[in-house]
């Protein structure tokens, strides 16, 4: 595709897309709000269910003071940041794992017949409020960690914390999108992506230093989950496990990851339209 | 408005033969289809299951990319200009909904306004008209999931037209509808095409739809267009026989008369089949009246269903 | 209508006790086999699930290895590295077999009302579901039980039992674990008769199963008092018990005995609850 779009035109397009997204998502929220008691129970339930992962960390740390050189509270910070990144992403785009169902039910044909981008429409097709349960749980752990740790806060560190959570979400989003692209080819395969989305969350909740060489290569660098929490957190907590540039380059990695996933998605849709069913 | 030339679409289909081996076959769903639809025309697109109807429509609407050939809808190439084309077309799928399930119908209309970027005034005007014509007023605030099929289909039609598309694609819109809803939909479509000049392409199994709505008929079978023309001409061409039904004063054995053949006798009523080109109805009636005393008579035209069924079954050659 | 329902309920209660005669055994086997075959058709989903299982195995193994390395004696709760790794891969192997993350087939049928036809069938409701669950468990054993353990053995050094007997006890233990797990799930599902918000109960069950069965962390890693308490609770019997038998932890006869007791207890409790539910169904007129 070699169409040249001027900066102003792309800004307009962006604005329109954002507006459209807002309207569609508001509709989804309104639809869910009709069942708000069930929704609340779900959210509370998942708050406690997701707490179990942190319970594991607590249980383990009864037996030693440091894991991979990190203390319990430092790991809690990692856990909170990674968890927030994941859950916010899950909230916005987690439902893309149902792409196989969308295709099977013909809903993706409807997407193709409408005057908006396919990925935008799929993203806007849901906004599962019940996933706020995990978000709140991660936030709780993060706040606990912040309160207990003696962090020397600077403006840069505060900005980096927010930036890390957002870029963490973006990195997870790219994994979700890439996982969904597989479903264009193998429709029943939605669970495979779980290994890298939920698995990715599990991985990034712990210091990368505890993992062996191969796991590190695959999960921390190739799939850039190291940048979801581990590297940036070092800067915030004043640790020097890894060089400074690694600690700060997270947002750039996120942008690259998102770009890559959009490209792969575009190709996947084109391929689906050519070979279809 | 719609231009199709040498259109082809092939799929690679894998079938398992044994535990590990796979059989690779190529299915030609659409095999050299060509036709043209002028602006404001209403065309019926008919064919047996698996004939390639849906595949053609999918290529016209941008869902599928053709394997070969030329497709142009409203001057745009669907496979390359999907989004722009989407603004010019409306699509209604009979078997699945494009509305927002949990929300009132009116909310779906509002969301579509944002989706298609229609200005408020124009949207309002079009909406009011659709609501009036399709009688949607009573259930505008009902969640779509609570609507009956007939109500939902009317809603889908309105939804497909809110952005004033130039072309409307309908895929089995009357399937499963009760008689009242079906006639409302047909009436609406008829008005739409006459007054507004919307080009309509209607895929259907319901030949009643065709009879009521489509002056032009495209029949597709095994990926090829086997008929493209007026409905009346189809009847003339493939079902050349008409039937004269006579009620005799007294029951009698089968009449022997030149130019016709008795195909059925029930008491005093007899059915005489005659070829429309070889024998005129008036002459035949005269000849029959010479032989027996007639009380009453009617002329039956072959049903379009019969004609098309026979074509599907290959009993009528083209 | 209530009169008819009483007949139906009465008949099914009578037939429940008939599970143990030969004719019923054959029928139970057929049910199990059908369920096995039914699960076998979901091949793509099984492979995908197996892949995810295996990846999680690697991730959890890494955490435990690091944990043991960080611990002062290189051991935690009596687990060395090999045992911890074996625990990890065994949990990944067994989690689908004992359906750790619950199961809502019965609750769904109650909510849709299909339960009435189920209870009207001429065979014991409890036995019917138990037979089907055994079929399901058998399939999961084969499809998702063997591969993770083998993968773990290939990439790590695991602590396999030294005697053949231990393997036999291990399989017995798995069977008992399946029954206990089934009993618990059945009870939880039946609670949908009494509570409108069944999903809340289901989540509580998930939490209890995950934590108390040793799914997320070996029970022995908890403080001693808590660990001892958990060992006599039903959730431990569903997953950690067979693992402890495999690793030779604790007295195997005791573990098996407690499992058997809980298997019987949960089934009895399930049956009692079922009878109460059936009576409630009659009172409400369906």
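Per-chain residue numbering starts at 1, and chain names A, B and C are given in the order in which the chains are listed.
Keep this in mind: contacts are C-beta pairs under 8 Å (C-beta built on N, C-alpha and C of every residue); 3 or more make two chains touch, one makes a residue touch a chain.
The structure presented is a predicted model; accordingly, all values stated were derived computationally and were not measured.
J.: Just say which it is for the chain contacts: an open line, a closed ring, a star, complete, or other.
T.: line
J.: Going by C-alpha centres, which chain would you call the most central?
T.: If we average C-alpha coordinates per chain, A lands closest to the whole-structure average.
J.: Which chains share more C-beta contacts than any other pair?
T.: A-C
J.: CA centre of subunit B versus CA centre of subunit C: separation in Å?
T.: Computed value for the inter-centroid distance: 55 Å.
J.: Could you work out how far the Cα centre of subunit A sits from that of subunit C, in whole Å?
T.: So the centre of subunit A lies 32 Å away from the centre of subunit C.
J.: Can you give the whole-Å distance between the Cα centres of subunit A and subunit B?
T.: The separation of the two C-alpha centroids amounts to 47 Å.
J.: Where in subunit B do residues touch at least two different other chains?
T.: none
J.: Which parts of subunit C, given as residue numbers and ranges, touch two or more other chains?
T.: Subunit C, residues with two or more chain partners: not present.
J.: Quick one: which bits of subunit A touch subunit C in the complex? Just the residue numbers, please.
T.: Residues 37-38, 41-42, 44-46, 48-49, 52-53, 55-56, 59-60, 62-68, 186-192, 194-196, 198-199, 202-203, 206, 210-212, 215, 219.
J.: Contact residues on subunit A for subunit B in the complex?
T.: Of all residues in subunit A, those touching subunit B are 16, 19-20, 23-24, 27, 30-31, 34, 105-107, 109-110, 112-117, 270, 273-277.
J.: Taking the complex as given, what residues does subunit C use to touch subunit A?
T.: 42, 44-45, 48-49, 51-52, 54-56, 58-60, 62-63, 65-67, 70-72, 76-77, 197, 199-200, 203-204, 206-207, 210-211, 216-217, 221-223
J.: So in the complex, the part of subunit B that touches subunit A is made up of which residues?
T.: Residues of subunit B touching subunit A: 11-12, 58, 61-65, 79, 82-84, 86-87, 89, 91, 93, 95-96, 98, 100-103, 107, 111, 114-117.
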